[in-house]
């Protein structure tokens, strides 16, 4: 084990420990969330959809579950569980879709869990978590039908998308739905910036859970992100100075 | 003409037809688009499934199992590499049956765990550390950029721009506010009283700059994506033109 | 229903994840082998999950056809295409001429056409952006996009003229220096968010799986 | 009940008295889960989640019991998933469901689970308002025994009706970000519901006092919140509210008027979200009248959907029981003042929903009819024509790029410097849809590699990659007369996506089993690959991709195993900016980069081998010009509109 290994390990452990500590601190010093425009209207949009008997559709994206592009889908699954708890009892509960088999299974698990927690196990249908198509564009091609036939009025894209995400978002806009889109792919974020009504920029896609009244740890993780980001900025500035002074890093 | 040529012709015709049907979506959702889309989804799904079987499940699980036969349980490595995954797959597939579904949690938990591990490891060792290090450019005017070869003041300016962009963009993503700052915006306009006139500037300035840099970057990427898809559009139309020629030629050659 | 199973899955997910992660940061051969083994399992499971997803698709569309829902003929077509392709693929293999014909004459053209549709989608969205989002950011976005486009594409008039060349230089500078900063910041931010998200799972706080 | 006979036109109903319509709608909010969700400010999500959950648990299970006539059709039509199913044992299920609810909250810091486990509702999970929750818990437990006795002896069946029509008690806390009543009622409702409860409204009346008092005792705790709620929202009151609510204030006592404030103003942020700047002022002004009408119009079908979810299917007047029953009860235990507030709550709730209906209508109606996508049609036609003209008409000829991008020299020298005889790994990692772009861009590179006689081994981490590789490579190979399996072969599909890249980089021969379009058997046995055992045995690695993610993975994950072999990226134009940092870093992880049609055309010119790229050049140029035109117009239009709007304001 080299020094760097130990270093990385230490950093990881520090991060984990900080996360737990912050989560425990949540009760006394609750995190104050800043305004993220995209989330500002999400709650009421969902509520309105349920009242209107319209459907909330959440997409976990076209990434994979086992790859490095699974993070936004994991965040999306948590958001899905939250939204499902809110909509299990409505005439049209939330429906989730994904462009990958494993993600569809994940969506089903998240939904089943939410239904069970809300005591509506019997209302759970495996078809509320769907794989629309195994490839990104086959997924996008399947969206218009689900959007129109399910009367979707809230169209959430929280997952890993490629360029097909732009199509997916625009299809929601055509439906005049409330479209909130986020991806870990920055190029896709750029496309969302134009095609989606509400876009999650940068890391905002990962914090949807916290902004949906998430768990203490989800909220605490925002603090951790801010702290680490500050540390990164400091490190970059310090490193730049050192590099300028000729200190090899 | 030969059967092969005929098949070729039919294939081209189908492809051209589907292309037109899909492009019609630009004017509005319509039956033709849905027809083409559903056909496409079906084929894509079937193809993906076949590939998954042929390139993953069959060679990695079934073939070794059949090769080794019952004796496989005696081979420890085979047990780990073949039998265990087979059991996991069975558990996963058991999700089809709602009653058995509970046991399907194991493979999902495994995938999620592995995914999370890959994410954290990949993000830290792949992006956080290297990109942070890469952001520490030397401001020494004597430095030389290896690929672009720019030197001196030009490079210094560029490095400063990149540095400013990185730092301000990072500072834009501030998700938590202090004590009373719940739901506060990332920056506000603050009037600055100058001798001549009072101007209002965004404050704090860094998040504002960050937003501008983000918009700038997005614009660049948007343009890139746009030029890419325009090229694809051209290719489609050229394909249609070519297909038209082939089909006409085929029809003329047919009799 | 909060059965022990649920907590067992959580524990296992944490264990697997930690092993994989440890395999990243510590290069001990044992960990490496465990990690690659787990990854291979995950790959196999992902493939199996794809089949599961196909079953899911089948059931959804089968129900639609069975209930004669609106648009059921589409679903019927999909079922037909799916089963046909899948069976042909199983029998003859994905690299059979039949399958490659299906791919080249159906999948590829449709997918390419969908991408071509993006040209319209993005242009419309770009046109509307500034009028729709009345803020400085959208203006910066549009201007920046225009700079890059003008510097990328050929010009009918004045192509290879001095102004065009300067435009090309400007584009290069714009996208390789100015955008590089923002891109790096975004990259770091995304990586940070992904790390924390993964950590929440590894700490057993986020449990999107099982019930 | 008669309410089915006289629909919205009728102000009065022979049985139910004159408040048919308001109550008719009164029913709607409390019967619709949405109403439970709406009222707590968005800050209070967990409570309303909990409430929503509890209130509706019963009703959500009811559909099986509704008469065949009842239209649950729309659901089943939409979806198999929402088709109600399951037998009359829903009560049993409901009880079990309730008990299930008492689990430890999900998604918590593990050590909380222990603490949170006994909680009757997952509310504490959210780590909020533990104080009131304790109170609620106390109440809930306290109520249960009180209620049970009268319930079980006297009224075997009333559970269903009440439960199906969550009257004032459930509806009242809806206005208040505190769920005691709702927590209480369902608990005892569900706690002792006889398995066989046919929906019988009559017993409902006598059964009122029991729970009414309960709800009273509950609401006392909440009185302070009433003014709070009104004050909060009265501020944002739009001027139009009077005529907006005129029709109602006719029907309801005058005290209503002061109550009209909260609902009208309730979702101001919602309004801004719904139709941001899309409604001109005059339309805004006109809105209330028409939209109120529209609400009335859509009311029946709305009711139906509500009824479909209740065992009291068809008993629309049920909620009516509330004011009628309640008023005589008023004198009971300090109920007078309370009763009024409850009705205020209910009425405010009604207005709340009305306003929200309006908002939705206001959003949906005017736009839906408003504009056909003229812009999209225009853009489509212009772009299609622009991209097609050069193809069909030979079109305008755009000047080919004279100067070559800097990175092109680097790339070409890399190819020229690649060790002869050593195979080159070409990774096809793009969607089939991008073949149109990337075949044009990568064409010259493949051409160059084959010029040098370097054997190519293709790979893909996408199932659709191998056929794409075949498309391009075979096409180029045909020009060079290259022989399959000797000059090029396909390793095929590397399953597992980004994860698998690492496996492949570490041990290529164990990651890929069978080739694509090969004679069968392991491709590694082919002569051209026999000397390849590690990634570094490839003379060069070329990755053709659209995704920044996959590009990053290849740049980062394969680094340790490349052993200095050059890694070249052929990128879709959009992905370039994200990959450039790896190319321009002081220790570059990407040694060569090729992106965009101009670079490809320049490459073809350099090789003096005109290919796909040049055939696309003119169409690309004209199409891009069209796009630029639209963007410029859009930008100018946006700014002008912006400035004008600014002046106006």
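Letters A, B, C and D mark the chains as written, and numbering starts fresh at 1 in each.
Just so it is clear, contacts are C-beta pairs under 8 Å (C-beta built on N, C-alpha and C of every residue); 3 or more make two chains touch, one makes a residue touch a chain.
Computed from a predicted model, the values in this text were never measured in an experiment.
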item	value
Two chains sharing the most contacts, counting C-beta pairs only	B-C
Computed distance of Cα centres, chain D from chain B, in Å	19
Distance between chain centroids, defined by C-alpha means - chain A, chain D (Å)	10
Gap in Å, rounded to a whole number, between the CA centres of chain D and chain C	17
Chain B-chain C separation of Cα centroids, rounded to whole Å	3
Of all residues in chain B, the ones touching two or more other chains	23, 26, 34, 37-38, 40-41, 44-45, 47-49, 51-52, 54-56, 60, 92, 95, 104-105, 108, 111-112, 114-116, 118-120, 122-128, 131-132, 134-135, 137, 148, 163, 166-167, 169-170, 172-173, 214-215, 217-222, 224-230, 232-233, 235-236
In chain A, residues with contacts to at least two other chains	8, 12, 20, 23, 64-68, 71, 74, 78, 81, 102, 105-106, 108-109, 112-113, 116-117, 121, 126-127, 132-135, 137-138, 141, 145, 149, 163-164, 166, 184, 186-187, 189-191, 193-194, 201-204, 207, 209, 215, 217-218, 225, 229, 232
Chain C: positions in contact with at least two other chains	1, 21, 25, 39-40, 42-43, 45-52, 54, 57, 60, 63, 69-71, 74, 94, 103-104, 107-108, 110-120, 122-123, 126, 128-129, 138, 141-143, 145-146, 149, 152-153, 175-176, 179-180, 183-190, 192, 194-195, 197-199, 201-203, 205-211
Category of the chain touch graph - line, ring, star, complete, other	complete
Residues of chain C touching chain A in the complex	1, 21, 25-28, 39, 42-43, 45-46, 48-54, 56-57, 59-60, 63, 69-71, 74, 110-111, 114-115, 117-118, 121-122, 125-126, 128-129, 141, 183, 185-190, 192-203, 205-211
Of all residues in chain A, those that touch chain D in their complex	20, 23-24, 26-27, 30, 40-41, 43-48, 50-53, 55, 63-64, 66-69, 78, 81-82, 85-93, 95, 113, 116-123, 125, 127-128, 134-137, 149-151, 160, 162-164, 176, 178, 184-187, 190, 209, 212-219
Footprint of chain D on chain C - complex, ascending	1-2, 36, 39-40, 42-43, 46-47, 60, 63-64, 67, 69-70, 94-95, 100, 103-104, 107-108, 111-116, 119-120, 123-124, 126-132, 134, 138-139, 142-143, 145-146, 149-150, 152-156, 159-160, 165, 168, 172, 175-176, 179-180, 183-184, 187, 203-207
Interface residues, chain B side, partner chain D - complex	23, 26-28, 44, 47-48, 51-52, 54-56, 59-60, 114, 118, 122, 125-127, 130-131, 134, 137, 145-149, 217, 220-222, 224-238, 241
Partner chain A, residues of chain B touching it in the complex	29, 33-34, 37-38, 40-41, 44-45, 48-49, 92, 95, 98, 101, 104-105, 108, 111-112, 114-116, 118-120, 122-126, 128-129, 132-133, 135-140, 163, 166-167, 169-186, 214-215, 217-222, 224-225, 228-229
